[in-house]
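Just below sit the structures, each encoded as structure tokens.
In the two complexes that follow, chain A is the common piece, with chain B as its partner first and chain C second.
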Partner chain A sequence: MLEKIGAKIYEDTGVTASEALFPEPFRSGLEYAAPARGMWNIVHTGMLIPESHQIFVCAEGCLRGVVLTAAEMGAIGRLSSVAIREGNVLDGDMEELIIDGASDIIGKLPRRPRAVLIYTSCIHHFMACDLPRVYAVLRERFPDIDFIECFMNPIMRKSGLTPDQLMRRQLYAPLKPLPRDPRAVNIVGSDLPTDDGSDLCRLTRENGFSLNEIARMRTYDEYLGMAKAFLNISTYPSARAGAETLSKRLGQRHIYMPFAFDYGETDAEYAALAGELGVEAPDASAGRDAADLALDRAARTLGGMRVAIDYTAVSRPVQLARLLSEHGFNVTDIYLDSVSGEDRDAFDWVKGNLPWLLFHPTARPAMRVAPRGDGTPVLAVGQKAAYFTGSDRFVNIVENGGLHGYDGIAKLAGLIADAAETPKDARALIQIKGLGCSGGCCV
Partner chain B sequence: MRQTARIISVYTADVSGVASALFELGGMVVMHDASGCNSTYNTHDEPRWYDSDSLVFISALTEMDAMMGCDDKLVRDVTEAARELHPRFVAIAGTPIPMMTGTDLEAAALRVERDTGIPSFGLNTNSMHSYLSGASLAFAAIARRFCDGRAEREKGSGLVNVLGMTPLDFSVNGSDGSIRAWLRENGFAVNSVWAMGGTLDEIALSGRADVNLVVSYDGLAAARYLKQRFGTPFVAGVPVGREFSRRLAGELARAAGTGADSAACTLRGDAPPKTAVIGESIYSGSLAAALWLQEGESARVVCPLETERGLLSPSDAEAMDEDDLIPALARCSSVIADPMYAPVCPEGCSFRALASESFSGRIYRDGIPNLINKKIELERTDTK
Partner chain C sequence: MIQLALYGKGGIGKSTTASNISAALAAAGVRVMQIGCDPKADSTSALLGGRRAETVIDLIQKRGRDFPLEDMALEGYGGVVCVEAGGPTPGLGCAGRAITAALELLKEKGAYEKFAPDAVIYDVLGDVVCGGFSVPMRAGYAQKVFIVTSGENMAIHAGANIAMAVENFRERGYASLGGIILNRRNVKNEDEKVLELASDVGTEIVGAIDRSDTVQDAEELGKTVMEAFPDSLAAAGYRALARAVAARCGMEVEL
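Here is the complex of A and B:
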């Protein structure tokens, strides 16, 4: 039988806003992983490249998670592996292992892939593996295949770009310069397709621009055609660095437009986009009114019910807390392990205006044994918030859910109201890896 | 050897094997790893994660920690968590980078034990071996640390320790309870089950047992320790199928009486094998034996995991990679294996799916049968 550790309340499970420090409200140390699995990983993201194949070269323990990610999304045929063993580390034959392993796999594939993503690991970094030579040999051996240098090296997550940022950058590595199309625009670096009804999609399309993003690409040639766009838009924080690199490399314009819960910032973003497109800035008043109406309606539906928000659902959880609070929601808890710079202003506002609000970590060891809910009904925005509060009333989205602009705020308010009225099976839903991935957008 | 897998899965790694083996014993397992090991473990390797609060964490190793040799940080963080959460013991298990940098995990564990007073041990896993290796290290460590001289073998008592039981081989389908029931039906009493449905206190009294039943390779090292320490004989086998279960009970009684060990899982027929059973050696060998006794079907084990020749019959084979596996299966007209092996089975062969959490994780969990002391009935399909 399981030996229960007990129901003791631990210090590390929450801090009030008044006491919370920016940007790290909690100590670092050992880390726990809650069983909320909706966030995408590097396998899901890599699968967005049509007609591609992935080869991971790492130790068995690292392969396990990625192979089963592919299997669970129904794409085991698009991922292969090369296992690193102790002998490879000791014998110095790592380059040959990658070259021979990748060549062997490519030769056995039932269909020639247009691109092969090779994921090397922490081991290669520490061994100073000669990756340029590896790729040079493979490119010479398979000139019809684009080899994409990818990384599964979480040990580097605090050294420069994170693996997530790197993946979103490498996603566009095969794009080569093409004649510029002044009516083509890309959204780059987002895993999920941007909602067609969003202000972003409508502003571009209604002004006669084509809007492309990788989640909508069905063929490799279509994907390569993204190089024609004159403008790249990134909307997700970890997509920004890659979008800047791509834009600089291909001579494209770039604008960063995160999904903001601040009306002034939203107006400024759309005015900037209109400027890039050379069109008149949109009148935001109707969208703003609709967002306000939806928020007020949702607040009435909740009727004072506690609201908890986590960082996996939206990239600016503190800004969302502020917006909801200003519309009468009872926001009581935010789950995050650090506060992003984009949330700094909202963090300061919350400290001053909601000093009793609790920030909770998601990775501190004590969260493993923290009571999951106290019986009080909670509306959770995000899977981790649902898990930690034990709530079955939750908004099941990750990575902003494809929402953007005032339309996105209104739709999120609608999702909140709907979640308050319709319970969900949290245990079943939040353990599914890569929410939205096996729905067809990346397989 | 290219060490490639074009399409098949990979087995759970040693570091997860450690966590799985120790999961129910009230300890704290720390994977000395950057990130990823924990989520892989609790998503794909650990069906008990969601509904329990067992303590399994990563150390969140960074590049700078590794480069600068910050073992002090590891010790400090483990100590801090142990002081807060009060586990019965602490196990620190390694991954590739600690192996490359030569981190002395046993020394780190000694320091944690000195600072907290909690029994602690380091396990030299590196994510390059299978779960069997890691669970074996973990069970052996538990035996050394907790099975002390308070107990003596109670010969003739009929007490049995079941060694090597984790969901990675037996899922969570009630097999552990069925083994307990089968032992009782055959006149034995269960002293402990390492480590499902039991407690560390029961395990600590393992020296009392008359005989040990080793149900997977990862229980073997602990069985040998108990043999050396208490003189307890062991029998390697899983009671699958009615007739093999009956024979295995006889082997247990015989071993208890004579003190001689037995690899009961190596029983085979004398006809050339047409069926291959792919998987862990003791479970698969027991299944092959059960098929022979049940319906005269001659089968061989194709073992893709760590094992010993003494646990295999002469007709069995070891095949660690996809490249080795395909020729090993070539002459078989029938295969029993995890469904994720189907793509590399000979075209047109009869395939009987028997999923293992150690290979396909949670994907086929709901269909993993409890075969303990039951007639073997697995549905056949043809591979294309």
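Here is the complex of A and C:
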């Protein structure tokens, strides 16, 4: 009986590429969260708005995670909460509780925030609380504060935008139309600042454009100034919907430029950006050669070492697997719970060319007890891959790590080579929430 | 576009009244959408020849939220767009949540733009027992609430509670009270009792419907009186009521 149960458990921990189904290779249901916590959450992302304060309105039991996040990043002074109790549900004063609670908190803060992000929770939506009225009252009461409608309502999540997409959209809700600056460009919806050396930053800045992104904003007025840009660039998949909404609302142009591991796509993205900027398309040959060189060098450094990639490190793990394989890397494992449409072509390529490659879930409960590696050295790209393979040789990045273009590919190859040569204290590093946030970029 | 909601005690005749108002307005060329907000989901059956429309909640439970708007709405007598919110498993689910989910989904799927109704009639279950039942009277939905009542004590009691809820919500910019629709049951001192209610809650009786076998006969045929017996006295009564209700909402209609 035990053997039978055990066999059942391990069925859920991996599937070969040849058998994997698009877009969901694994069943969904009860979920497990591995203690690799570098991905940002709604608290981290909200903290990117300078001079803002967050108020969570929910049952006390729901507060644990968000309070710990704020405390860990040293921003507990920027987060407050209003606890909902059963009496509020019975009395029907849920709306008054938000209004009075937020008013009380604002009155007691040592500094007047320029913006207040109010996170309502599942029960507000279950009970059909009149949230538009709540915000109307607060805006009338505090005309000097921008109130931003935010959500912590996983149960009430519907089709449409995910909580991550919603948060990235709401991040720009206070921006109001400003006179257009034809030399100003925004990168919208990225948690991490885009690397200064990236092709993206260089192409814009070297052609005389200013490049703004929320992770670099230090004052609220600077942040509001993002409304002047004529062009918004989104590079992270879950930022795209919000960037489209913002651009439509403010009449800005928008271009979506994901960090691609496909040279043809990269060339097309940069040609499109050059078109938007009205400048000559860059000659990509030097960047491409540098990327190839870095990849080949890293492949030699790794020898035949196994490579495992997870979806938290890069938004296109399957495309990265294809690129690395084409450069001689021994990619054996990919950790993801679903395959994005952007990875579809690469997924089909992997099925045909690396049919033995294993896809593993990260959120299936069986992964809690799945063996952590088999003793074979593994180079992991991403914290989850490191955790599940038990490897201390890993690339410690999340959400593409601010990398972009050929320069990003070359730098990622360099990080892979470094990781192969220099072990890290994985246990200490991966349990810190919001990689890159606690370092001070948003506090 | 005018939007109005009918509230009243269960079984008082809200759906019959709503359907006949819809049919009367439609006959005058008004594009009407009637939304049943009751787990019984029979608000629009007289407009659909006795058929039951598949409810929004049933659709959500079967197909998530991935279905076309057209599946939520059937075209009934006179081109009236018929929608039934539906409700949860009796004794287990949350009826208020069901109304909220249905109305949210109609907006999300662009029902108001697609069907472009001139008039929307919300036919709402019984009493305002929780937040979900107040959604049809909120900003963006009905501008006027009409209470359907007879002279029976329980109906008057429910009517008073509804009027109180409307009054409580006044400062929020919700719907205001449009008036009372007297659906006569021929109880003793009926008109006096309902007039007293109207006086107590600061409104008027906008129309009265006499008890009539014609209404029951039409119901048995699965039709509105307007469709089954357009030349009857009862039909004339509904026409007058529809005109009065529309006028209260700012729409003048020749009927």
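Criterion: the second predicted complex is superposed on the first by the 431 of 443 C-alpha atoms of A that agree within 3 Å, B and C clash if a C-alpha of one lies under 4 Å from a C-alpha of the other, contacts with A are read in each partner's own complex, and residues count from 1 in each chain.
Criterion: a contact is a pair of C-beta atoms (placed from the backbone, for glycine too) under 8 Å apart; a residue touches a chain by one contact, two chains touch by 3 or more.
The structure presented is a predicted model; accordingly, all values stated were derived computationally and were not measured.
A.B. asks: A:92 contacts which: chain B (first), chain C (second), both, neither?
C.D. replies: Only chain C is touched by A:92; chain B is not.
A.B. asks: Who does A:365 touch here: chain B (first), chain C (second), both, or neither?
C.D. replies: A:365: touches chain B, not chain C.
A.B. asks: Now for A:126: first (chain B), second (chain C), both, or neither, which partner does it touch?
C.D. replies: both
A.B. asks: Quick check for you: in the superposed arrangement, does A:431 touch first (chain B), second (chain C), both or neither?
C.D. replies: In the superposition, A:431 touches chain B alone.
A.B. asks: After the superposition on A, what does A:352 contact: first (chain B), second (chain C), both or neither?
C.D. replies: It touches nothing on chain B or chain C.
A.B. asks: Of the partners chain B and chain C, which touch A:423 in the superposed model: first, second, both, neither?
C.D. replies: In the superposition, A:423 touches no partner, neither chain B nor chain C.
A.B. asks: Return first, second, both or neither, reflecting whether A:341 touches chain B, chain C, both chains, or no partner chain.
C.D. replies: It touches nothing on chain B or chain C.
A.B. asks: Identify the partner contact of A:80: answer first if only chain B is touched, second if only chain C is, both if each is, neither if none is.
C.D. replies: Touch partner of A:80: chain B, not chain C.
A.B. asks: When both complexes are superposed, which of chain B and chain C contacts more residues belonging to chain A?
C.D. replies: The partner with more contacted residues on chain A is B.
A.B. asks: Considering only the contact definition stated at the top, list the common interface residues of chain A for chain B and chain C.
C.D. replies: Common to the two interfaces on chain A: residues 126-127, 158-159.
A.B. asks: Flag every residue of chain A that touches chain C in the complex, lowest number first.
C.D. replies: 92, 94, 126-130, 132-133, 158-160
A.B. asks: Can you name the residues of chain B that touch chain A in the complex?
C.D. replies: Result: residues 2-7, 9-16, 23-26, 30, 34-40, 42-45, 48-50, 52-55, 57-64, 66, 76-78, 80-81, 84-88, 95-97, 99-101, 126-130, 197-200, 321, 340, 360-361, 363 of chain B touch chain A.
A.B. asks: Across the complex, what residues on chain A touch chain B?
C.D. replies: Against chain B, chain A makes touches at 1-5, 10-12, 28-33, 35, 37, 58-65, 67-68, 71-72, 76-77, 80-86, 88-89, 97, 100-101, 104-105, 108-109, 121-123, 125-127, 152-159, 365-366, 368-369, 427, 431, 433.
A.B. asks: Touching chain A in the complex: which residues of chain C?
C.D. replies: 64-66, 94, 96-97, 99-100, 108, 130-132, 134-135, 138-139, 172-173
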